[in-house]
Amino acid sequence: MRPSGRMNDEMRSVSIEAGVTRHAEGSCLIKCGDSQVLCTASIDGRVPFWMKNSGLGWVTAEYGMLPRATHSRGRREAKAGQSGRTQEIQRLIGRALRACVDRSALGERQIVVDCDVLQADGGTRCASITGGWVALRLAANVLLKSGKVTTDPVKDHVAAVSCGIYGGQPILDLDYPEDSEASVDGNFVMTSGGRLVEVQTSAEGETFSRDEMSALLDLAGLGTQALVAAQRDATA
Amino acid sequence: MRPSGRMNDEMRSVSIEAGVTRHAEGSCLIKCGDSQVLCTASIDGRVPFWMKNSGLGWVTAEYGMLPRATHSRGRREAKAGQSGRTQEIQRLIGRALRACVDRSALGERQIVVDCDVLQADGGTRCASITGGWVALRLAANVLLKSGKVTTDPVKDHVAAVSCGIYGGQPILDLDYPEDSEASVDGNFVMTSGGRLVEVQTSAEGETFSRDEMSALLDLAGLGTQALVAAQRDATA
Amino acid sequence: MRPSGRMNDEMRSVSIEAGVTRHAEGSCLIKCGDSQVLCTASIDGRVPFWMKNSGLGWVTAEYGMLPRATHSRGRREAKAGQSGRTQEIQRLIGRALRACVDRSALGERQIVVDCDVLQADGGTRCASITGGWVALRLAANVLLKSGKVTTDPVKDHVAAVSCGIYGGQPILDLDYPEDSEASVDGNFVMTSGGRLVEVQTSAEGETFSRDEMSALLDLAGLGTQALVAAQRDATA
Amino acid sequence: MRPSGRMNDEMRSVSIEAGVTRHAEGSCLIKCGDSQVLCTASIDGRVPFWMKNSGLGWVTAEYGMLPRATHSRGRREAKAGQSGRTQEIQRLIGRALRACVDRSALGERQIVVDCDVLQADGGTRCASITGGWVALRLAANVLLKSGKVTTDPVKDHVAAVSCGIYGGQPILDLDYPEDSEASVDGNFVMTSGGRLVEVQTSAEGETFSRDEMSALLDLAGLGTQALVAAQRDATA
Amino acid sequence: MRPSGRMNDEMRSVSIEAGVTRHAEGSCLIKCGDSQVLCTASIDGRVPFWMKNSGLGWVTAEYGMLPRATHSRGRREAKAGQSGRTQEIQRLIGRALRACVDRSALGERQIVVDCDVLQADGGTRCASITGGWVALRLAANVLLKSGKVTTDPVKDHVAAVSCGIYGGQPILDLDYPEDSEASVDGNFVMTSGGRLVEVQTSAEGETFSRDEMSALLDLAGLGTQALVAAQRDATA
Amino acid sequence: MRPSGRMNDEMRSVSIEAGVTRHAEGSCLIKCGDSQVLCTASIDGRVPFWMKNSGLGWVTAEYGMLPRATHSRGRREAKAGQSGRTQEIQRLIGRALRACVDRSALGERQIVVDCDVLQADGGTRCASITGGWVALRLAANVLLKSGKVTTDPVKDHVAAVSCGIYGGQPILDLDYPEDSEASVDGNFVMTSGGRLVEVQTSAEGETFSRDEMSALLDLAGLGTQALVAAQRDATA
């Protein structure tokens, strides 16, 4: 029995509100249960220096958490610097989003996706990817509408969900109490057609079998469908 | 004529939504026109080490701005560190809030007020003080309700508003376009009874007269009354 | 009764010795009572990059304190980095000095004013502004004499003095024992004609009235006259 | 055809020389093809502060690369700090090694495994895990021999190998030229019995299918058997 | 012929003014030609943690240079951090001063000697040692007078002078123009009796003979006598 | 009697294995007793910016120590930053190597010599200089062979050895137990012909005589001959 009382393959409620900020070219507030992430996409005319004159664009991501997004207050990242965990997460978000981008169609410009956690209850890196895609989609729409870009650089949906093994059972979309007790914890990034973009599955002080790996991949496929549907609604 | 079309003594609309986060002991989202600041108050059982065994409590504040809170994206503070401007602002917020606190009644504990700007359009340090007071008030209510504190440590309201000289005229509550063109820019922190807590008035490349100083103080008094009323509504 | 035995409107003795260093284009050692600040002005042919090709010059300031300038030794800033207080002070000095500068007459060059406290007894930021102006004046003279600049870029005197409320009384030019006990502490930057450049008045855990604010402004006007006279003597 | 001329399921030659340093409680030099990593295990009587009085031990890892371990010289990490990539790798090594450790049997002490790359040709994080296990095994032997620990805290072998998709084909144990051209790149940590500890598979700008995921897991199982055999030889 | 016109064995004029600051237990302003260093000695009741309960005291030094102590303005160390050169110098000053200290007589307390260069013209590390000794001597007098220490912890004089090879000739006490053109540059720390404490002689892109080494040691002995005499005068 | 049982003028065994890494233009592993240093020389087509268009080349060095190179594990330098000791050492290595380089013959390019201590038992800075010379020599050979350089830029051998006073006796080539107990500790850098490049001799809490200085220089001359012979063998 999950602490949340959910079925093993039951997601938390998802809501994505698009266009929530005035300045960013694309933005949304995504809520996955009690996790809330503000995602913005900013168009930058310059690419990183090592990419100049390549004709290709770039998509990168940054991730942060407000000090009191968590149960007990954490040190402000502007004072403590970015932890290894934070850097690992934002590298993951960037790779995930680039998997759906035609960098040639984007042209020599960069889109920076900022994912800032206002409230945390597990699964914030996955919510960041799912919400980050919406912000990216909206920023690409701005480029298309302005005529700066003529071919859509966003080729497909990308969404992410966590799955893990809790009490010996594979479960979908872990909240914080589940996440902190799970023996195996995985993050799965997939496209609308169910192809894989990234699989990160770790045991902490445990191991798991090939069959369990398969069960997690099955659950992730289910979850992705629901998230892609929410992305479609938000950007319709 | 102001860019905003407002009268010289006309505030922007103010809204304060209390209790917006699940984890913090006190919180609100304050909107002053298009400036939006998420304020949380966190109760910490420990005071700074130089205050131990004094029997007195402490209130401190931290301030931050999301990278795309502004018109063009700024560097993430977790990478760039806190700028001198940021440190100056958070010191101001802390001093302002302490002016209304009975540190003896608070007892040997600390309240940390975090003010994070989700969207900026001028006046964010003032909005942080006004909203920070609401978060502080709610956290103090938690302490009173729990019996950990028996005398109310929050003695009075504290609110802040900016006033400046724009086009030769004293005006109230500057938005970003006004702020960036003003010859004199001031921030005024006051109590519900109109007493002064902090006055910071600077000219950049200009000077101003004693009469102009008086006009700014008059406008600040007006603005404070409106802000205190909004605080009362939010915490009723 | 003030700890120093001075009258409420009595300044400490002021001495300004100009031309004390061999390398800097302008310099002075200013002593306000026991506070001693070495001020140098350095002419730099380049302006900050965001000002290039504007035809305008820039004046900026940096402030520091030797480790044993104070009663007990502080951490060396080269190890500890600049504190928020230090950054706040040097931003103030820079704004204050720019108020008297014709940036167009200065031309596309920068003057960096360094204010280093050799001995501290309260009021070091004010002494830095008053002494910094002397260093700036002398550096401008070098530019005028060399013909690099044809119109005097220094339009007026700028000087600063602290005033505060101590034992319920408004007093002028606080030394350290007064400063650490004052309920209200203000720094006032003014021109030779008594116009205001910057007003920073803060209460710590207290409030003050409009009448008290007026009394502090009156005292500041008195103090400024004495400081401008000392500047005139030093640069005659 | 692989650049290395190897078969798709062919590993590079592996050599593990144990006991190469005089000071460390456990050490080895592991060579996987041209990748060379010096691994040491240091026993520390203290655990991290958040683990005190838990009766449990801890295993952690740090990873580094000498400046000229790579084709062109990189910035020295002592000057540049640890990159996000470095932090991600050392967190992975630590988690992987902890999967085989009985923290209760270890007792309240910490083993720090340092993995320093002397020469890099792809797969250094996997070599670090495989070699790190040998250093850990030898340090545990020291604890057992000294009687400080009575139950063997190392429960099983842990080894790691990279697999990826190159030219549309799943291949085993990528060297640098293969790694830099692969469309999918994965790191697999497994036990001697073939159970999974960690799976990290990422596409960069691509996606992959469930069948390809399975093929990579099959290859990883093969590779792990060879690595475990080499670990057995080195610690016999 | 030396740029300064001095004889090869001729020192610059030396002046040491003791007791120049109000707060420090010992202080002096030393001028060696145009090099000026403010030296203070601060008594600290605590020793570094690794020396606790040893019954021994410690003497350490810190060195800094004001931004415009030099011909062209350098970056403020509070922003740039301490350079390798600065750290090397302050380690040298500390070692030199400890050579004359009876750490057992000092008792478990620390004396921190700060050497801050107000104006630089070569030889500032040597001036810091010579002046630092005066500050240390005066601080030890305070300890003796107060009865906190009963045996004099300062056993002998320590002074330092630079010697080098310029134009093929060994010369004494290099100023900046000589220092920047010398083929060999050495710093010599000696006691009043001519015993050696530290010898640091470097060629930059050159080499030197044993005979030249001897000539430099002879000159250093001469210079030390003059410096010790100046120390005696200042502390009489 | 030395702890090592060696005669006062007896070196430890020295071995230098050249060409140990695949990527670097020059490399060696030097062992002086139990001290082991991996030295690499990297050719960089760019010189530091302040040397551009001078027609001259540059040689610089960096030094590091693996965390468990020492008896007890030290903090990883990538986390702790470079200590003052480390910076002092790498500045010494760079100066020493430049003493034998014809910077004009080298042409406008830089050679970076990295010295990383794999195992420490005293004398690592001297081993770094002696081994660094071998790496530099081999990199220069690559430049000569490729025709990029036509005159040999390496004019002479440079090698270094430590000498000190231990138990009142001058001794050669101190190992760690000797080094930590010596009253005087010196590092001597010399050429094949016995000319001096750098002399650094320090007493910690002691002093020494001119005669002792001479005895140390004599021993250093002996040691250098042995080291130069080992360099010749390794690069033959």
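Per-chain numbering from 1; labels A, B, C, D, E and F assigned in written order.
As a working rule, a residue touches a chain if its C-beta (ideal position, glycine included) is under 8 Å from a C-beta of that chain, and two chains touch if they have at least 3 such contacts.
All of these numbers come straight from a predicted model, not from anything done at the bench.
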| item | value |
| --- | --- |
| Subunit F and subunit A - chains in contact with each | D |
| Count of contact steps on the shortest path from subunit C to subunit F | 2 |
| If a chain touches subunit C and subunit E alike, it appears here | none |
| Farthest chain (mean CA position) relative to subunit E | A |
| Chain centre separation in whole Å, for subunit D relative to subunit A (CA means) | 28 |
| Whole-Å gap between the CA centroids of subunit D and subunit F | 33 |
| Centroid distance [mean C-alpha coordinates] between subunit C and subunit A, Å | 51 |
| Residues of subunit C touching at least two other chains | 82 |
| Chain contact topology (line, ring, star, complete or other) | ring |
| Traversal of the chain ring from subunit D via subunit F | D, F, E, C, B, A |
| Of all residues in subunit B, those that touch subunit C in their complex | 82, 84-85, 87-88, 90-91, 95, 98-99, 101, 103, 186, 191, 195-210, 212-213, 217 |
| In the complex with subunit C, residue positions of subunit E that touch it | 21-24, 27, 34, 38, 40, 42, 44, 62, 64, 66-73, 76-82, 86, 112, 114, 116, 118-119, 121 |
